[in-house]
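Below, chain A partners chain B and then partners chain C, in two separate complexes.
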Partner chain A sequence: MASEAGEGSTAGMDDYETLISTTDVELLKKAWRNEKAAPEILRFETSLIQRIRGQIQLMEENIEEFAGSGIDPLTVSLYQMDLDRTQYLFRSYLRIRLQKIEKYMFHISKNPEVQSRLSEQEKGFARRCADDMERHLEESVLSKLPDNYQDIVKQSIISEESDMIPEPQLDSFVVCKSRRFLGPFQLDGSDELLEMKPDELCIIHYKSIRERVQEGDIDLV
Partner chain B sequence: MYGRKACQLVKELASGEKGQLTPYNSDLFDQVIAECSQHHLELQSLIRKMQEEGLDVQTTRNADHYGALIHHLSLVRNKRCLMAYMYNRAEIIRSLIWKVGPVLPQQIQEKLSHTEEEYFKKHSGALQSYMSRLDLDLTVDMVPPKDPYIQVRVLDDIGVVLSDDKTTNFACHSMHFLKRTDAEQFISRGLMEELTG
Partner chain C sequence: MAGQSDPQLSLFSAEEVEFIAEDEMVEIVPNLRMDALNFVCGDFGPFFPQLATQVPLWLAVALKKRGKCTIRPPQWMTVEKLTQVLEAERDSQRVFEQLPFHYVEISRLLFDHARDDIPDVYMVRSLIEDIRDVRFHKVETNLESLNERAFALKINNLSAMEVNIVRPFVGRALQAFYKHDSPDLIPDQDRVSDRRPQVANNATRRHLRR
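For the complex of A and B:
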C-alpha cells in the first residue's frame, strides 16, 4: 500500500519491483485476476485474505486519525482512494467466488476435492445454495413428473451416471503469462511441447496449465 | 408433435433480453407436464402389452419396443427442457439479488411463480448469512472506484439523512457531492443517479 511503496522508491529499481510484487495488495490483485479468468473455482487464499482484512482495518483507523488531526485533506483523500481500491478488489474477489459457487453448486456439492478449495463460510453458503435450489426444482418440476424421472441429477432412472450437473468447462481458452522460464512441458491431449518465457502472453487450454496456475507459476490475465 | 411445447418454453427463455425475466408461463409449463404424464402412460401400456405377449422387455426389438423408446426419449427431453427453464430462471433471479437487493419491486415479483418467490427469499437469506458470518457487506463497491467522491442527483424525496456526523436534506432534484460509498446504497435503490461528464 501507499506507505510500503514509499519506502520502496528509495531503493534500486529492481528492489522496488520485487517489493511491489510481493505486497499483499499486489498478491490480492493477482489472486483476483486468476479467479476472474479461471473457469473453475480456485483455492481460497485464506492467509492472504486474513492479512488484507487486517490491513484494511488498519488503514481505516489511520484515515480516521488523519482526518481528526488536521492533516492536509488531499493527503487524506489519497489514502482514502487507496483504501477504496483495496476494498473493491477484496469484495470483488469474494463476489466472483460466490458467483462461481452459485453457478456450479451441484458440481461442488458432489465433489469433495472442489469443496476443499472453499473457505469455511463458503462451504456453508454452497451447502445452503444447493439445498435451496434442489428444493425449488423439486417443488416446481420434479414432483410433477412420473416416478422414474424424478431424480435431480439423472435424466431418468436408467441413466448410469449423473448426467445433469453443470460443470466448469476446463477446456476453455485462457490468456496467461508465465512468471519465469518454464521448460518444455506437454499439453493435455496433444504431443506438442510448449516452452514459456517470462512475460510472454499465451492463449491456451485452461486444463493444460491448471496445476501451474494453482502453484503460482503461471498468471492468468 | 412431441416435444414442441417444451421447446417453445425454452425458446421463450432464449429470446428474452439477457438478464431480464419473462413472466412465468404457467400455462405452457403445465401443458408440458401433462404431456409428460401422457408419455408415461403410453410407455407403460406398451411395455405391458409386450409383457402380455410373453416377450422379454429387455431384449425384444419390435415395433412396440421402439414406440416405447420414443416415448421415453420424449419424456427425457421434456424433462430437460423443463429443468432448463426453471434453472435458468433461477439464475436470473439470483443475479437480481445483486442488482436490486433483497426486496423485489412489484413489477418483477409479478413475473415469478410462487416457488420462485420462495427461492428468491431463501437464496437471499443464504447470501445474507454468508455476509454476516464474514461481517462484511458485499453489495457495495460493485464497480471499480475512480474517485472517492461523486456527484449525484436525487430522484426521489429521501428526506434528511445522517452521515458522518452531518445531516443532509436530500430533497427531490437536488444535487450533491457525496462519498461514493454513501451514495451507492441510494443509487442501487434507484433513489439517486450519478452525474457523469
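For the complex of A and C:
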C-alpha cells in the first residue's frame, strides 16, 4: 500500500509489474492486515515468512558488524529502526495467528481443511493446546458432571453435532478494498450482484469475499 | 506487545494505524551527505545536501529529529487546498472529499516533528481539525440512517483513522440487522398483524451510498 500513493492503479495494471515492485515487507504488511481483520485463520504464507526470517537474520548480522566497524551511529540507528519495524510486523503476524489458534483450537483439531492452513509448528501448537485444554476440562469439570454430559465437544449424548465448539464467525462484516475492477459477483445469501472498483471501500460480509481474500484480489483494511 | 491490541475497542489500535501510515512516502531535503541505505523494506538514498529525495515517513521523521533534513509538506497540505476541501465537505451531505487515506496520521506526525517546515502551520492545523470534525459528523449522520438489512455498504474516500473508529460500531450494527431482520425469522406473512409495516423484500435490498 505504501508505494501506491502516486500510482493511479488502472484496471489494466499488469499483475507482473505489481509483483516485481512489491517488497517482501509490503507483502508481509498486507498479510498482517488481512490476518488481523479476518475472523478466521488464513493460509500461512510459508515462503514469505521464510524469506523475511532470512532477511531479518541477515540484517541483524549486518548491524552487529556495523556497530563494531565504526560506521557512524546515525546510520546504525536507522538500520536498527528498519529492522525493528520489520520484526514488529513479523512477530505481530505470528502472534495474531496464535491467538486465533488458541481461540478456535477444537474447531481446528476437528477440521482438516483449516489445519492445512497452518504451518508445521502451528499444527503442533494447536494439537498441544487442544490436548491440554481437554485434559484440564476433564479433570476439573467434566468428570464431575452426570454421565450423559461428559463429552467435551457435545453438550450431551443426545446432541447430534458437536455443539460445544466455538467457531469463527464467518458472517461478520469487514471493511475491504479491491485492487482492481472486480466484475459483478454474487453476495452470499442474496441474489444481488456487487461490483467493486479499485480503491473503493466496502463493508461487506466476510463470507462473500472469502475466496477472493485468499487469492489476493481483495485486501482487508 | 506486538499483536495485542484489544479487539473489543477496535481492530487496530491508533498506534498501529500510525505504524501503517508511516510507510507513506514524503519528500525531504537532507543537509548531509550519506550513502545509500539498503533496508529490509527497500533501498533509499544516497543522500546529498540540498537535493530533494523521497523517503518513507518514519525515516523522514527520524532524520528530522536529529536535525539532518527538512521535510517538504505534501501537496495537499497547503492552506489553499485545505480550504477548498473544507468548503466542499461542508457543502455536501453525503459525499466525502478525496483526501489521502492517511491524512490524519501524516498531518499529526508532521505537526509533532516538523512544525517549522510547514508554512502557516497554525492555519493548516486548524483547517485539518475542522475537516476532521465535519467528516466525522457526516459519518455519524449517515450511519444514523442505516435502518434496514444491508448486504454491503460502500463508502468512498473515508480515511484510515475514520474507518478504524467506525468499524466496531458498523460491524456490530450491520451484524445485528442481519441477524434480526432475516427473512427466515419472519413467520408466515399472512398471519402477521396489521401493525407491521410493509417490509416484504428485505433480503434483496442493497444499500449503496455515494
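Heads up, the rule we're going with is that the second predicted complex is superposed on the first by the 200 of 221 C-alpha atoms of A that agree within 3 Å, B and C clash if a C-alpha of one lies under 4 Å from a C-alpha of the other, contacts with A are read in each partner's own complex, and residues count from 1 in each chain.
Heads up, the rule we're going with is that contacts are C-beta pairs under 8 Å (C-beta built on N, C-alpha and C of every residue); 3 or more make two chains touch, one makes a residue touch a chain.
Model, not experiment: these values are computed from the prediction.
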Touching A:85 in the superposition: chain B (first), chain C (second), both, neither?
both
Go through the superposed model and pick first if A:25 touches only chain B, second if only chain C, both, or neither.
second
With the two complexes superposed on chain A, say which partner A:129 touches: chain B (first), chain C (second), both, or neither.
first
Taking the superposition on A as described, I'd like to know which of chain B and chain C A:153 touches: first, second, both or neither.
neither
Now for A:48: first (chain B), second (chain C), both, or neither, which partner does it touch?
neither
Just chain B (first), just chain C (second), both, or neither: which does A:137 touch?
first
Under the stated touch criterion, which partner chain does A:102 make contact with: chain B (first), chain C (second), both, or neither?
first
Using the touch definition from the top, say if A:171 reaches chain B (first), chain C (second), both or neither.
second
Residue contacts on chain A - larger count, chain B or chain C:
C
Does the superposition put A:145 against chain B (first), chain C (second), both, or neither?
first
Contact residues of chain A, present in both the chain B and the chain C interface:
77, 81, 85, 88, 91-92, 94-95
Contact footprint of chain B on chain A as seen in their complex
77, 80-81, 84-85, 87-88, 91-92, 94-95, 98, 102-103, 121-122, 124-125, 128-129, 132-133, 135-137, 139-141, 144-146, 149, 155-156, 164
In the complex, chain A residues that touch chain C:
1-3, 5-6, 23-26, 29, 33, 36-37, 52, 55-56, 59, 74-75, 77-79, 81-83, 85-86, 88, 91-96, 99, 171-175, 187, 189-192, 194, 200-205, 208, 221
Would you tell me which residues of chain B are touching chain A in their complex?
33, 36-37, 39-40, 72, 75-76, 79-80, 82-83, 86-87, 90-91, 94, 98, 113, 115-116, 118-119, 122-123, 126-127, 129-130, 133-134, 136, 138, 140-141, 143-145, 147-149, 180-181
Of all residues in chain C, those that touch chain A in their complex:
1-4, 11-12, 19-20, 22-25, 34-35, 37, 39-42, 56, 58-59, 62-63, 66, 68, 100-101, 151-158, 160, 163, 167, 170-171, 174-175, 178, 203-204, 206
